[in-house]
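In what comes next, subunit A is part of two complexes: it sits with subunit B in the first one and with subunit C in the second one.
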Partner chain A sequence: MNPEIKAALRGKLLAMADDDLLLGHRNSEWTGHAPILEEDIAFANIALDEIGHAKLWYEILADLEGEDRETYPDRLVFHRLTSAWRSAQITELDKGDFAFTIVRQYLCDTAELARLEGLRTSSYTPVAEVANKIIAEEHYHHRHTRAWVRRLGLGTEESHERMERALHNLWPFTAQLFAPVPDEALLVEAGIVPDPQAVKEAWEGPVRAWLAECNLPAPEGLPPVNIGREIHTEHLVTLLGEMQSVARLVPEGVW
Partner chain B sequence: MSDSQWPRYQVFEQRREGAPHENAGSLHAPDNEIALQMARDIFVRRPTCIDLWVAPAAMIFARSAEQLADPAWREGAPQDSTPGAYRVFAKTRHAGTHQFLGTVEAEGTLSALEQALETFSDTAALVWWIVPDSAFTETDPDDAESLFAPANDKVYRDQADYHTVSLMRNIRHAQAERSSEE
Partner chain C sequence: MSTETTPPTDDAQAPTLDQVWQALGEVADPEIPVVSLVELGVVRDVTIEGEGVTVKMTPTFSGCPAMHVMREDVEKRLRELGFTEIDVQMVLSPPWSTDMIAPEAREKLRGFGIAPPPRIDGGDMITLIEVATCPHCGSKDAKMQNAFGPTLCRTIWTCNSCTQPFEQFKPI
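Presenting the complex of A and B:
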């Protein structure tokens, strides 16, 4: 593989893996705290799925780097400094209330589904294989979150107000999910990933329509978060401080 | 608070092609669609399911063999007349679950049970369940893959993957040997 394409692919894989990992981690924070038992189990399940997807992307990255796919994902997750993460900020934010969690997961699920549709036919076989493997689970997450968006959007005055506030806070961050990583154009040209602009267009129409149907029209006129993935929120610092604390105490610990 | 509690649903799972649907347990949900969605999370995380049904528990008419032994069992039974199809389930072992036997066409709940007793007379049921066909929400075949396929390669979710039965047997053997030595 041409070194420029390889460098771009490395960045893209890291972005996708980091997004899934952090989303999974934030969802796992609901375990034992979700509004009801059934939803607790559902969210633990979704959290596990997202972390599992992250692991698959990190493993492809390990193969690309000539690293050990058993240990490399752990090294990236538990021993990487904040500045080396390539997550989108929407995945870093604190879990908030249940409305915030549902809206975030809905926006990320739909964005991921739109991207996975394009990745299924990736010219880079490992990427196509993973995309085909995880898309079924993303469809299921999507069905779960879209059902809750509808019920909470059209529910009580309070549920609607919370959903509206969550959407208002989260909508500007969605821009980053579709912003190209450095040299992504090379990957598009090589047929490895779909054009991010086309992914955004495939995402936006159905999402706006569903939100409108749920009495949650997409906010207008908010400035989008248009910054690179090397810049992070303070939420990520706190998250990593906690998530990496055991690995820092006992770097070679095994149990 | 029982007032704010969501309604209870019974969940039925089919473990393989040709096998009858059986009761997997119950859950609380705000409506049918969410009930089906949650049933997947709670009962089919393991790779053993190909189809799911859910029905509101309140729609189930249940009668035990003991109740049916009383000649006056029809008293107090729902006297509704909603003609249509009714699904019949029976539990035949105390530790068992309700299994789907088949469907009967009837004028109402009571006559559905009467027909079931006749149609499935060779079933020694401890408890019968009669549920109107219209009460069920089922897996859409188009969704089956996204609901069930991901569990197939997650063998670590299946207790059979952990060999705990043989492990416990070995532990018990070891304990028995030690106590006989003492």
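Presenting the complex of A and C:
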């Protein structure tokens, strides 16, 4: 693989892995705290899935880098400084209320499904294999969050108001999910990833339509993205501070 | 090497491929102990070369926390057979599907109180998740309580006929 394509692919894999890992971590924060037991169970499951997906992306990144796929994912997750993460800001934000969690997960599930559809036929076999593995699990997330968007969007005055507020706050962050990583055009040209603009178009229409059906019309347009994935919110700093604390205290710890 | 391992004696014959498959057929799923990893379709391939053995396994759900236990159990069983060089590889393609569960294992699941997954056979997985047959009384009149359950691979139901709760293996 030529070094420029390899560097771009490294950035793309890290971006996809980091997004899944942080979403999984945020979802895991509902364990023991969800509004009802069923959702406690559901979000613990979704969290596990997302962290499992992150692990698969980190493992093929390890293979690409010539690193050990057993230890490299842990190193990246537990010993990486904030500035080295390549997460989209939407995945970093605090979990908020249940409406915020549902809207974020719905927006991210739909974006991921649109991307995975394109990745299933990736010319880089490991990417195609991972995409084909995880897409079925994402369909189950989507089924779940989609139903909750309707239930809360058309629910009580309060649930609708909370959903509207969550959507208003989250919508501007979605654009970054479709912004190309550095040199992503090379990956598109090589057939490794789908064109991010096409992914965005495949995402936006159905999502707008569903939100409108749930009495939650999305704001007009998407704001331009003028920040890269190396710029983070303060939320990531506190998340990593907590998530990495044990691993940093006992770097070689085994339990 | 773990303490449970029986070291091979000098005159021990290397196990045959059939013996390895049979031994792995006794390694139970850590969360559903009535079915084996071979019946589940998690063990894909075995090759023997001298004193070494290579086993290919595939994950069920990608976040399944029991995967590393499955892997360790397989490695342990292979050591007990006397292999000294053990290579367990995880492969993703083709992705594991509940359609790969052996027919006899589906019956064992039912006997254990878990409704076997509906067969997908190229159909729509997302609508199939809405269908279940009560493993206790056989009624099809059941209501899903949660598409997520105590493990990644299960959904939670109640039967409207016998009123019992049950779990179903999630079709994927």
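Just so we're on the same page, the second predicted complex is superposed on the first by the 249 of 255 C-alpha atoms of A that agree within 3 Å, B and C clash if a C-alpha of one lies under 4 Å from a C-alpha of the other, contacts with A are read in each partner's own complex, and residues count from 1 in each chain.
In the analysis below, a contact is a pair of C-beta atoms (placed from the backbone, for glycine too) under 8 Å apart; a residue touches a chain by one contact, two chains touch by 3 or more.
Keep in mind that this is a model prediction, so the values were computed, not measured.
Annotation: superposed three-chain arrangement on subunit A; subunit B versus subunit C shows a clash. Contacts of A:Arg151 after superposition: subunit B is touched, whereas subunit C is not reached. For subunit A, the partner that touches more of its residues is C, with subunit B and subunit C as the two candidates.
Of the two partner chains, subunit C is the only one that A:Leu56 touches; subunit B does not reach it. Of the two partner chains placed around the shared chain by superposition, neither subunit B nor subunit C is touched by A:Phe78. Judged by the touch definition given at the top, the superposed model places A:Asn45 against both subunit B and subunit C.
In the superposition on chain A, A:Glu137 makes contact with both subunit B and subunit C. When both structures are laid over each other on chain A, subunit C collides with subunit B only at 98-106; the other stretches in 62-70, 98-106, 116-124 or 170-178 stay clear.
Overlap of the subunit B and subunit C interfaces on subunit A: residues 38, 41-42, 45, 49, 136-137, 139-140, 143-144.
The part of subunit A that touches subunit B in the complex is made up of residues 36-39, 41-42, 45, 49, 136-137, 139-140, 143-144, 147-148, 151. Taken in their complex, subunit A has these residues touching subunit C: 24, 38, 41-42, 44-46, 48-53, 55-56, 129-130, 132-134, 136-137, 139-140, 143-144. Touching subunit A in their complex are the following residues of subunit C: 59, 61-65, 92-95, 125-126, 129, 145-150, 152, 156, 170, 172. Every residue of subunit B that touches subunit A in the complex is listed here, in rising order: 6, 27-31, 33-34, 37-38, 40-42, 45, 143, 145-147, 149-150.
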